[in-house]
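The structure appears right after this line, and notes come after that.
As written, the chain order gives the labels A, B, C, D and E, with residue 1 at the start of each chain.
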Amino acid sequence: MDGYKAKVGQPPGTLLHTGRKLTHEPIITIIEFNQANFNEKKPASCTECVPSQQTDMVRWIHVQGVHDIELIQSIGSNFGIHPLILEDIVHTHQNPKVELLSNSIFVILRAFEYDSEDKILVSEQLSFLLGENYLLSFQESEKPLFNQIKNRISNSLGRIRKDGSDYLAYSLFDLVTDHYFVILDEISERIEVLEDEVVEVPTNETLQEIHVLKRDIITLRRSIWPIRDISSRLLREGTSLIKETTQMYLRDLNDHVIQVNDLLETYRETLTEIMDIYLSSVSNRLNEVMKVLTVISTIFIPLTLIASIYGMNFRFMPELDIPWSYPLLLITMGFLGTTLAIYFRRKRWI
Amino acid sequence: MDGYKAKVGQPPGTLLHTGRKLTHEPIITIIEFNQANFNEKKPASCTECVPSQQTDMVRWIHVQGVHDIELIQSIGSNFGIHPLILEDIVHTHQNPKVELLSNSIFVILRAFEYDSEDKILVSEQLSFLLGENYLLSFQESEKPLFNQIKNRISNSLGRIRKDGSDYLAYSLFDLVTDHYFVILDEISERIEVLEDEVVEVPTNETLQEIHVLKRDIITLRRSIWPIRDISSRLLREGTSLIKETTQMYLRDLNDHVIQVNDLLETYRETLTEIMDIYLSSVSNRLNEVMKVLTVISTIFIPLTLIASIYGMNFRFMPELDIPWSYPLLLITMGFLGTTLAIYFRRKRWI
Amino acid sequence: MDGYKAKVGQPPGTLLHTGRKLTHEPIITIIEFNQANFNEKKPASCTECVPSQQTDMVRWIHVQGVHDIELIQSIGSNFGIHPLILEDIVHTHQNPKVELLSNSIFVILRAFEYDSEDKILVSEQLSFLLGENYLLSFQESEKPLFNQIKNRISNSLGRIRKDGSDYLAYSLFDLVTDHYFVILDEISERIEVLEDEVVEVPTNETLQEIHVLKRDIITLRRSIWPIRDISSRLLREGTSLIKETTQMYLRDLNDHVIQVNDLLETYRETLTEIMDIYLSSVSNRLNEVMKVLTVISTIFIPLTLIASIYGMNFRFMPELDIPWSYPLLLITMGFLGTTLAIYFRRKRWI
Amino acid sequence: MDGYKAKVGQPPGTLLHTGRKLTHEPIITIIEFNQANFNEKKPASCTECVPSQQTDMVRWIHVQGVHDIELIQSIGSNFGIHPLILEDIVHTHQNPKVELLSNSIFVILRAFEYDSEDKILVSEQLSFLLGENYLLSFQESEKPLFNQIKNRISNSLGRIRKDGSDYLAYSLFDLVTDHYFVILDEISERIEVLEDEVVEVPTNETLQEIHVLKRDIITLRRSIWPIRDISSRLLREGTSLIKETTQMYLRDLNDHVIQVNDLLETYRETLTEIMDIYLSSVSNRLNEVMKVLTVISTIFIPLTLIASIYGMNFRFMPELDIPWSYPLLLITMGFLGTTLAIYFRRKRWI
Amino acid sequence: MDGYKAKVGQPPGTLLHTGRKLTHEPIITIIEFNQANFNEKKPASCTECVPSQQTDMVRWIHVQGVHDIELIQSIGSNFGIHPLILEDIVHTHQNPKVELLSNSIFVILRAFEYDSEDKILVSEQLSFLLGENYLLSFQESEKPLFNQIKNRISNSLGRIRKDGSDYLAYSLFDLVTDHYFVILDEISERIEVLEDEVVEVPTNETLQEIHVLKRDIITLRRSIWPIRDISSRLLREGTSLIKETTQMYLRDLNDHVIQVNDLLETYRETLTEIMDIYLSSVSNRLNEVMKVLTVISTIFIPLTLIASIYGMNFRFMPELDIPWSYPLLLITMGFLGTTLAIYFRRKRWI
């Protein structure tokens, strides 16, 4: 949300990229296909980013990098996109949402990934504009998120070449959702490690890890929860853009999203509980420590008093002159100490 | 959710078994019955897994083991099942749900059982496809879950032979739900044990047990909660597949599921409370320990000081030469100690 | 929920009593009345348990004891009751609910009572079947729950003789609800005692009592909450069985149930809070104990060191030979101790 | 809720006053007005408590004291009030509610006040019966709650003389609601005091005060929350009794009630938080105390050991005879103590 | 909410300013524009505050300072505003709300700002009355909140001059909403600082800061949550005052408000969690402190006992006369101490 101050008071529809500062050159990929044909181009500029002339072909324009305001604006004017929609594409801190426009559907999703080194959750905004025979898709980074879909198109795997732009859009949404399960896998594994750790050796690092996972889950939930509305709205207010054959797939997608949400909720509850156990463990440990201290003090402090008493320098202390009083005292002290130790063992303090 | 990475980017409807790795040979049971006749087969392969020709007979095909992708696929093509439905049968981490298809109803449930040795909650996904005069049912393991129903059919107990496939499906659902009550019984007993333990001798094992039960309840709730929707949707959008006589039974099933949910909620609240009491008990115990330490220290440390003072080697310490000063001092010390002990008893510290 | 294992897999509608094992002989009371006449019978068997022939008379059959399966079954066949309804009467762990049948209304409630000796909450299931000119009512125990209603009928108090079976049913429901207020009174009094106790002398018994009350409230809420739905459904879907004059009374009943629920919620919140205060009190007490320990240690341990130093046996310790060094040292020690004591008093530790 | 046991089993509509025992003589005030005329009477008995003959006049009968059952009953029969409504007036532990009767509207509210001496929240039930050209209002105590309205009528301030009984009723409701803001003011001030106290000097009294405020808020919320429904139901199902000009005022009233609820919720959250800070403060203080104890013990106990060693009476302890060993030991001890003190200061323990 | 007592019992619609006492002279700004023309006036009194005569011009009257009752009243009578609306403008503690009047729309919002010095959240109420070709806006303070909008009008930036009063109102709402994001930025930064602090050096100031932020979020949520209803109601019940071109912008505004609410919720959850970690950290630290104390006591107290024993003055203590017993004892003591130290290191206590 950096740079929000700059945006305050600007007329709505003013394009100002507000996300992470990105510097890479945007990559444009134009794929055009129908059941028989397929071609792919990666033009340097976007002069060709126009609606396809052939109505029986699906044109998919994928843009990697939304920080190039001019590029977005030129695509916007070619396809006649409302300035507020362009603003949403460029301001990459939107909540996922769907907007049903007069002859197109605009969808915002968020893709997540665990950075393989630092185990930090990174995300980027994905925007989709689905038209009759075209699909525009925008992502922030250069990561080749949708290569598998590209392969399925070029190799004509599954139904993707047979169906229209709506099924293509669904395939992209499905891929994004599939990635959520990979994230959940990762979280689930880390929770299992925590569950063991928290009982055996709870440290400050355990605490940190619980905190990090909880924050990740809060972030994920905020981005995944609204997707539920997206698919159900697409089904309910289903414009003619969503063909009937695709609706079954959207319902399936909806089920997946609900499942992801349920799992997130379950993990959140489990973490809350692990936190409780962590706190109980710490309390228990404190108890153990205090018991040791108390046992040692209770046994040795009274004995020290006795020894101190016979260390006093009074002239008239008749016990001091009796030959067997020293060994007797030692025995008494030993007996006292042992008795107390037994007593504490009985109370299960040691 | 193992193996999810493999699934990412596959065309939807691709069958990939994602649950626990199972190796047993799938068991196929075909039961065909009407009021008068009954026959049961256990074919090795599924060439006979086709819809029945006789419309007055109910054909129930039960498959134990869904990891044999080819088997599932062949049944799928025989009965004309949509690839996404087959995917749901094979991916055994679905949430319970109902799907009303054009001429059949697809239901996913989850069966639970406490492993008799480790007291671990194990579950498996059950899928049902209910058609006009057939019922397909799928489970993951080899466990003979539905033997009691089979007996009721073969012995013609109750209404099961008189009614159609919808009552058969209901009977299976009802059996699954009955098992939930057995699980709840088990949980209820373990909670009662915990309730005693937590006040008398709270240990780390108590904490562990609370945690395990809570996690089980979270898991159960996630799987049982959606069943409520299933029965109410079946009643509300009731297709012609659910006959009127069966609806009363479905309503009864719904009541049971609501009751299970209510009990789960109650148990969850009770456990939260037991956790609170556990924490309070630990705090109380710490308090007790600290009181002992404080009493001992407060009584003996000052006495030790007095003894140390008369152990000093100053040449001019007139008390040291007085004959009765030693017994007087001992009496004074005894008096001091006793007074403090009485004081602490009054304060109820000992 | 004992004996649930036995029920698993039985055909639905199989009558198996699942509640507490009861052995008393069931008591059957048949009361027949209209504005002019009244008669009461207590037959040993239930051959007379049939619908009344006179349509202008209300026949109320009350059964105390539902563990006699045969009795229930014979009443069931006399009145043509669906097996699932009979099952609900006999399985005495149902949630309160209402079922609108074709020509009768089936209602389950739960009556509560504090056992006068052990202060344990005991409950029993009540089932009602309201027909055109009859009312069947079933309870588990022998307790004379409805004697007051019987008296009102025999003495023709209030409207009860003037109105039909619906007003009679309402009167029974109202009596059950009135008892809830008595329970709430009891809980309210015990909470007040707790509120004093928790601040003055919080003990383990306080903790236990909080726990017991909370569990009671959870139990009560689970049984009383659904009653709200019962009365509102009776009003909303009001069949011809509920006359218009009775509807005002049902609305009043609904208000009472809502009030009971609100009070339960209030008590639950108050108990949660009392628990918080208990925990804070324990923490505060620990603090007090530790302050005493710290004050004693901080004052006496340094003084003991000084005394120990002058108890050392070095040959050359010039202070030891000075006559006034002993009293000077005592004064210094007294001064040091007093200063520390004053310091701690200033810090409000003692 | 005292005396509830007496009510159990009584026919509904039996009048039994169940609130605080009140002994004062009920005060009856009859005010009759239209735009031109105004007269007020305070009759000793209620023979004149009948509907007004003149349809263009509004008759407001206000009763202070509902424990006189006969009085209430005579008013009830004069105005033809249903026995259940009379019961609600007399049982002064009702939740706020509205009841739309055939030709009148019955409303129950609750007035709150902080007792000026003990700062205890006291409340009383207010009942209103609004008819075409009359308004009956009942309160428990003798407090002159509605004097300001009386003055506005007699001095013809605002619209009150121009409008009918509905605006009069609204004015009374509005006054009750205004008082809630005064209560909120009081609570808000006490919370501010607590917010300072809890960080500076948290005591057991702070805890008590948090508890008292929380309980007050729970009580208030229970009584104020339902008022929201009252005004919205009056607006929605608005009978002819509520004129259109008054509806705008009712909407305004509704806004106020929502605002009161929001503030109550905010205060409750703030108190929960103050409780958390209280607990943290106590923990922090314990930490401070323990650090002092640990520092003192860690510095002085080892030094005492050293002193004790040289206090031993072994014959052959060569150090004892060396002249400079005593001062050297003192220096070493001082050095050791200082080093530890510096170490602890570095760790910010002192 | 100061001065609420004064308001109790006043006829509704009585204007009494209840907010902070303000003394500045109210500033009135009258801006009139259409696509071609623009003029701005700042009159001292409000004789010109009347609806514009030219229907093709938009007249925007902005008042900074609502404590001048007479001014508000004169505007009210010029524009024919209902007394209750005027009351809402003047009582500056309203919740945000929208009111659809016969030919105008009344909206209350709340603007927030972090005081740049004390980091205290300050807010003021904004009221808007949108008519066919006019917009009245009121704010409490003199702060130039809407200067950016004024500039956009005078410089004809964006659509603002082309559209009517509804787009102007939207622009003002949008500016208020944009400021929320700035506030969220600030909160987000402070949370990040807290997240580091709480693990490294949790102090009482950390606690205070958590508390302050939580309270701010509670306050913000209470004021921002209702705005969601405002925009959705404007869209749903959209009177003719909201043109279709503006509706897209209102939907966008709604998305922003939802996003703000989501972020607030996320921050609140994160703070709750930080609080948990704070508490855990404090517990952990206490544990560390207690371990040090226990280790020191356990090592040195027994050694002191041994030394004290050999400091006793018994005549017959044979060990004392053996030459090597002193060094042997020292070695034994060293060995004992080292063993214990190693033991505690193994247990990870030191």
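Everything that follows uses one rule, which is that a residue touches a chain if its C-beta (ideal position, glycine included) is under 8 Å from a C-beta of that chain, and two chains touch if they have at least 3 such contacts.
Predicted model, so just to flag it, every value in this text is computed and none were measured.
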Mapping chain C onto chain E via their CA atoms needs a rotation, nearest 5 degrees, of 145
Given over half shared residue numbers means same and under half means different, the chain D/chain E interface is different
Averaging C-alpha coordinates per chain, one finds the centres of chain A and chain E separated by a number of Å equal to 26
Note: chain C sits from chain A at a C-alpha centroid distance in Å of 42
Whole-Å distance, C-alpha centre of chain C to that of chain D, is 26
Expected list for chain E, residues touching two or more other chains, is 279, 283, 286, 290, 293, 297, 301, 304, 308, 311-313, 317
In their shared complex, chain A is touched by residues of chain B numbered 1-2, 4-5, 7-9, 11-14, 82, 84, 87-88, 93-95, 97, 99, 204, 207-208, 211, 214-215, 218-219, 222, 275, 278-279, 282-283, 285-286, 289-290, 292-293, 296-297, 300-301, 303-304, 307-308, 310-313, 317, 319-321, 323-326, 329-330, 333
In the complex, the residues of chain E that touch chain A are 148-149, 152, 157-160, 171, 174-175, 178-179, 181-182, 184-185, 188, 195, 199, 248-249, 251-252, 255, 258-259, 262, 265-266, 269-270, 273, 276-277, 279-281, 283-284, 286-287, 290-291, 293-294, 297-298, 301-302, 304-305, 308-309, 311-317, 349
